[in-house]
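Next come two complexes, and both contain chain A; in the first it sits with chain B, in the second with chain C.
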Partner chain A sequence: MTRTTLAAPKPGTQTRTVPTRGRRRARHGPVSTPWLFLAPALILFLLFKFIPMGQAFVMSFQDVQPFLGNQWVGTANYEVLVGSPDFRGAVWHTVVLAAGQTVGSLLIGFVLALLLEGQAKRLWFVRSAAFLPVVAPMAVIAEVWRIIYHPTADGLANQIIGWVTLDPSQWINSPDTSLWSVMIVGIWRDAPYNMIIIIAGLVSVERSLYESSALDGAGILQRIRYVTIPALRPVIVILLTLAAIRAMRVFTEVFLLTNGGPNGSSEVVMTLIYRLGFERNQLGVAAAGSVLLFLATVTLTLLIRFAWRKDR
Partner chain B sequence: MSSSLDSALGLGSSNRRSVKTLNYALWAVIVVVFAGPLVAVVAGAFSGTRDPSHLNVVPDDPSLESFRAAFDRGVLGYLTNSLVVVGFGLLFQMIVSVFAAYALARKRFRGRAAAMLLILSTMMLPEEILAIPLSQVLADVPFTGINLINTLPGMIVPVVAWGFSILVMTEFMKEVPMELEEAARIDGAGELRTFFSVVLPTCLPALGVIGVFGFTMIWDQYLLPLLVASDSSTFTLPLALRTLRADPEVGLGVVLVAATLALLPAVIAFLCFQKSFMRGLSSGAIKG
Partner chain C sequence: MKKPSELVATVAVAAVTLAGCSSAGGSTTDQNDPDEQTLEIWQRKAPDSPSDMVGQEVAEAFTEATGTEVEFISILEDFETKLQQRAAQGDLPDVVINDTAQLGNMQSQGMLREIDRSSIEGADSVSERAWGAAEAVDGNYYGVPYTAHTVAVFNRADWRENVGAEVPQTWDDLLELWKAYADDDPTDTGEDVAGIALPGTTKRGYLSWNTSTFFWSGGGEYFEENADGTFRSAVATEGSVEAADWIRDLVCEHDVAQPGAGSQDTTNTKELFQTDGAGTYLVAPYELASFDLDPGADVVEVFAPPPGPAGLTTLAEGNNVYLMAGSENESAQEAFAEWAISVEGQTVGMAGDEDGNIVRLPVNQDVVMSDVRTDDRWSLFQELYDENGRYVPGVPNWAPFLNASAETLNALISDCTLDTRTAMEELDDEFNRELESQGVLAE
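Now for the complex of A and B:
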């Protein structure tokens, strides 16, 4: 966005905008017209984004008691939350899940992209089929993976690990494997998305570089290492950023696959906030969690933006 | 290697039989791994047998029994709720996005940068972060006192304004040459006339993009309906899946029918608007 504005020749913009500005204002109604067009969006954002966020801040410093009146409790909610082992566990699980899912789906997405780049019609079919997990509703994905993870020896996942002579696993039903099982589903869902973005990025790789590196005797791995990956760097940075920010607030898949269980072994920040707010009625503590989640998101976004800008 | 390299792996350019066979085998594995489980959902819905551990990409003992059982369980009602939410939600979302984008892309006015910043900042405020206060706001909408809990509008109104959609539309609208608009004005067309007869028609591809993304976004909503719905009368299909599965009297077949009904519209929308979808993906990702 900024780049195009900067690139536009200054004299041209001047001659185009200056006269129209005065003319339009004179002829076409008051200055408020743009605000009329923006009003529906801004009013809805105010009601369902900004007011709730403000309310989250207020509630996080209150003991929220419906019908009894709220009481100010200072930072007590934050102390309760940060001091609880549940919260620390949830933060750890979120970080593990985010890291594993981000890296795993990026690697698999990259391999898929290398295998499926190209113009052929057949490839288009394979790519579309592989892309279905991205458009499928999460609730449907969770249901089908619950069947795949069926804990008996007949379950599909257990049959597959049986081929490499592993014993049947309990998957989402055991504290040892629940988080990893959720991670696999996340990787399965995100990898095709990364694939499409990486394929779009691969188009920009100079074909001649492949040729010349081959002539220099570079093998496939060297070609990927020295030609493909450097060209994809900006795309990879963006994908990592988006995935990390999205992963911090992961909710639906955990809620539907394990609901944080068994025994809190896959509890993430959002499922904990939901539980605190809607099951244990500790709305103030839950709001404190929401505020922390918000601050973490903002911090991460700004950090990455800053690092990225410095990088360029 | 005489043929030219057109990809990193050079698979497409190899003429050796072994490479080609390997290639087809890999493609088959990819299709089975990623599409297989979803095809199995649809096949399972048409299947007559009910083994809860079994998945197959073709129906076993094909029958429509599960559909009959699912309709007895009110699955059609959930489907109707989902369709109402996505229909009105998407319609209003597109209207609001186009209006907002028109102001942001085609007008110069004081406060434009601030408005843009406000809209950008909403992208850092997803339902997840707002879940706790949002449930209270929905029960008592500020300034109006309306209670949206357990109503379909409660699932519609909060998704109508969507930052992503507005920003994508704004980017597209910036591309429309000012001269077109100027010409219309000189011909005496008013604000709305110019908007509908000049700006909007040139943005049809963009409407496809925000349409298909908006559809997918609303159809996939889970947390918001979960906050709004308090009984099965307002359940959408995704919400209903969990209750159906937890009900011991409901067989797996019924769950798979509901899952199929939730899956197919998303897949159909994707296949019909694939070009728009891919276009939006790359433009969205590049802007971060």
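Now for the complex of A and C:
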């Protein structure tokens, strides 16, 4: 925690009356001061984050019956969850979706950033246009993509793949393509966000490095490989961390586009938790799923941070 | 992002919460003075919808009749979740008007007061069929019937005439009609239209719910029910597999449902029917008023679904008045239930021919339909309900079965390479497992 310095005493004013320990307190203010400043945020976090999280943790060991009172069931909820093929399927889909969406949006974001970096007015316009998917509400995006994915030959997406003479696809309506269709929407939404962060990172790349590498005979690809990417390393780590966490908790787009279907082919952990909790009324099992998802997210985050520190 | 110290804090909070976790009781509650009792009534309808308005009228009429003040609240989104939240606080609304199919779910959680049928004034006027939907698996009653309905086929009469077809009398006729809609350009515009609007999503079990009429009429059964209140799954029997196959073939063989049916819910299908996208829609009479506006009263006809191989069974549904446990206003609860099933209470809820009625078909047999409504299509629904209506099976909690069967049917229409029998056998296992976990699996 950062130390807050408040009312630094003038030299010599208090030294005579207050012994060493007191002097320290005088310099830094009472011990409680930083906590007072933090209190509003902490109280809100406590009420709306930590206590509900704690309750979910408790619920994951209970048969939850709000009116009759919860019963302790030990680890039964975890056993039911981990033993169900639905959960294993959902974990696999989440991993595939997380990996695909993270890598896809990072690559496309990077390419977009290289294309759209610069000061010109028209670039500013194109950048804003490209950024629109990030600010549009997910519910709107999902409805638009439902229309785009209309599964007949005159659906928009099918017309586009028709140009390269592909047969119309069922998109979100077929178990073979539903997960990929959701992934495309995710990449489309996340790539511009990555683009903006990477553009910010590109600004800090020393221009002279490009010039000197060009003088040394490096082509465009080599300059990207040996100058741009190493310079962007911290940015990429942050983006990877954020994208991985976001992808683990993916819910809205799947819920609105496919609701986990058809035949569970796009069920992810969050939609499964929702279904268990609110459609099947097994709140204890759903809480167990949330706890596992939380642990997975924490582990993944720590792993990425650890790998990064070691790298440095 | 979490630091280890924060993790420790979380666990600490969890421990504290654990210690402070209290349970709400379902025990007898101190009662308010009978003259000062008020009621908080919830119904599962959209706020500010016509049904909400009718609900307010019901509340006012009840207050006028009895002097009891009522706060009448309509909630649609996440109704069950909000009820759970109130249950967790140990402070349920006094009365909930909700689907008959929710009875097992709420009863098994101890949320409902048991009803003594003989002590409810006017109970004898209520049809036996409706009372059946207020009875739990233990043979006791946990709700008072309030409204009932069943489904019929809404059809585009103009399209039917354009393709030169008669009102279908058999399932074959029905399929022919749908194929004609899909192939013969009934709109004369060249636009592709579907034969039937099918809400095929698994959400809320819509697909299974919407096709249960076809499932039963096609010879399907969900359970084999024993006299001692135990059940065994029947979804893998010959009749059930054939019925499921027929439903699957609407998409896989005959291609008469709208494209993308497998991911659409009733909002989508209603819109599809209203915007000239499909020729028929199997739905309950609560859509009469809105279909009279779009696609229009002059082009929509309503007829009974033609009988299938096993005759005609239509899905019956309705709402019960549930008297919630833990209320401090028990005598007012009972007064409301008695008033709701009286001729007056039913008539106010029926709201004449207006949109938004919350009593669709009256459960009180003394109500004469033609005295309240001029639209004679209602009598078709009344007839279907009386003759062919069937409520969902009386298992302790129907929701998991509804979901599981919707998932299986959804898989069948989404992946036409699946074998129906294999899928239904898997569902059979799942049904029996669920029966076991609900404690009613037959030996």
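FYI, the second predicted complex is superposed on the first by the 272 of 312 C-alpha atoms of A that agree within 3 Å, B and C clash if a C-alpha of one lies under 4 Å from a C-alpha of the other, contacts with A are read in each partner's own complex, and residues count from 1 in each chain.
Definition applied: a contact is a pair of C-beta atoms (placed from the backbone, for glycine too) under 8 Å apart; a residue touches a chain by one contact, two chains touch by 3 or more.
Keep in mind the model is a prediction, meaning the values are calculated, not measured.
Colleague: Please tell me, clash or fit, for chain B and chain C sharing chain A in the overlay.
Modeller: When both complexes are placed onto chain A, chain B and chain C end up clashing with one another.
Colleague: Once the structures are superposed on A, label A:Val298 by its partner contacts, choosing first (chain B), second (chain C), both or neither.
Modeller: A:Val298 contacts both chain B and chain C.
Colleague: Which chain, chain B or chain C, ends up touching more residues of chain A in the combined arrangement?
Modeller: Ranking chain B and chain C by residues of chain A touched puts B first.
Colleague: Regarding the shared-chain residue A:Leu68, is it in contact with chain B (first), chain C (second), both, or neither?
Modeller: second
Colleague: Given the touch rule stated above, what does A:Glu211 touch, chain B (first), chain C (second), both, or neither?
Modeller: In the superposition, A:Glu211 contacts chain B only.
Colleague: Is A:Gly83 touching anything from chain B or chain C once the two structures are fitted on A? First, second, both or neither.
Modeller: neither
Colleague: Of the two partner chains, chain B (first) and chain C (second), which one does A:Asn173 touch, if any: first, second, both, or neither?
Modeller: So A:Asn173 only meets chain C here.
Colleague: So, does A:Thr152 touch the first partner chain B, the second partner chain C, both, or neither?
Modeller: The answer is both, since A:Thr152 touches chain B and chain C.
Colleague: Could you look at A:Tyr274 and tell me whether it touches chain B, chain C, both or neither (first, second, both, neither)?
Modeller: First partner only.
Colleague: First (chain B), second (chain C), both or neither: which does A:Gly264 touch?
Modeller: It touches chain C, and chain B stays clear.
Colleague: Just one of 62-70, 152-160, 242-250 or 260-268 in chain B runs into chain C once the structures are overlaid; which is it?
Modeller: 242-250
Colleague: Could you tell me which stretches of chain A are touched by chain B in one complex and by chain C in the other?
Modeller: On chain A, the residues that contact chain B in one structure and chain C in the other are 50-51, 53, 55, 146, 150, 152, 241, 278, 283, 298, 301.
Colleague: Within their complex, state which residues of chain C touch chain A.
Modeller: That would be residues 1-2, 7, 9-11, 13-18, 21, 23-26, 78, 80-81, 84-85, 87-88, 90, 92, 105, 109-111, 192, 201-204, 259-263, 325-326, 397, 399-400, 403, 407, 410-411, 413-415, 418 of chain C.
Colleague: Touching chain B in the complex: which residues of chain A?
Modeller: Contacts found on chain A: 1, 16-17, 20-21, 24, 27-29, 31, 33-35, 37-38, 40-42, 44-45, 47-53, 55-56, 59, 112, 114-118, 120, 122, 126, 128-133, 135-148, 150, 152, 154-156, 188, 191-193, 196-197, 200, 202, 205, 207, 210-211, 214, 220, 223-224, 227-228, 235, 238-239, 241-242, 249, 251-252, 255-256, 270, 273-274, 277-278, 283, 286-287, 290, 293-294, 297-298, 301.
Colleague: Given the complex with chain C, which residues does chain A contribute to the contact?
Modeller: Residues 46, 50-51, 53-55, 57-58, 65-70, 146, 149-152, 170, 172-176, 241, 245, 257-265, 275, 278-281, 283, 298, 301 of chain A touch chain C in their complex.
Colleague: Which chain B residues qualify as touching chain A in the complex?
Modeller: 1, 4-12, 23, 26-27, 30-31, 33-35, 37-38, 40-41, 51-55, 95-97, 99-100, 102-104, 107-112, 115, 118-119, 122, 124-126, 128-137, 141-143, 157-158, 160-161, 166, 171, 178, 182, 185, 190-191, 216, 219-220, 222-223, 237-239, 241-242, 245, 252, 255-256, 259, 262-263, 266-267, 269-271, 274, 277-278, 281-282, 285-288
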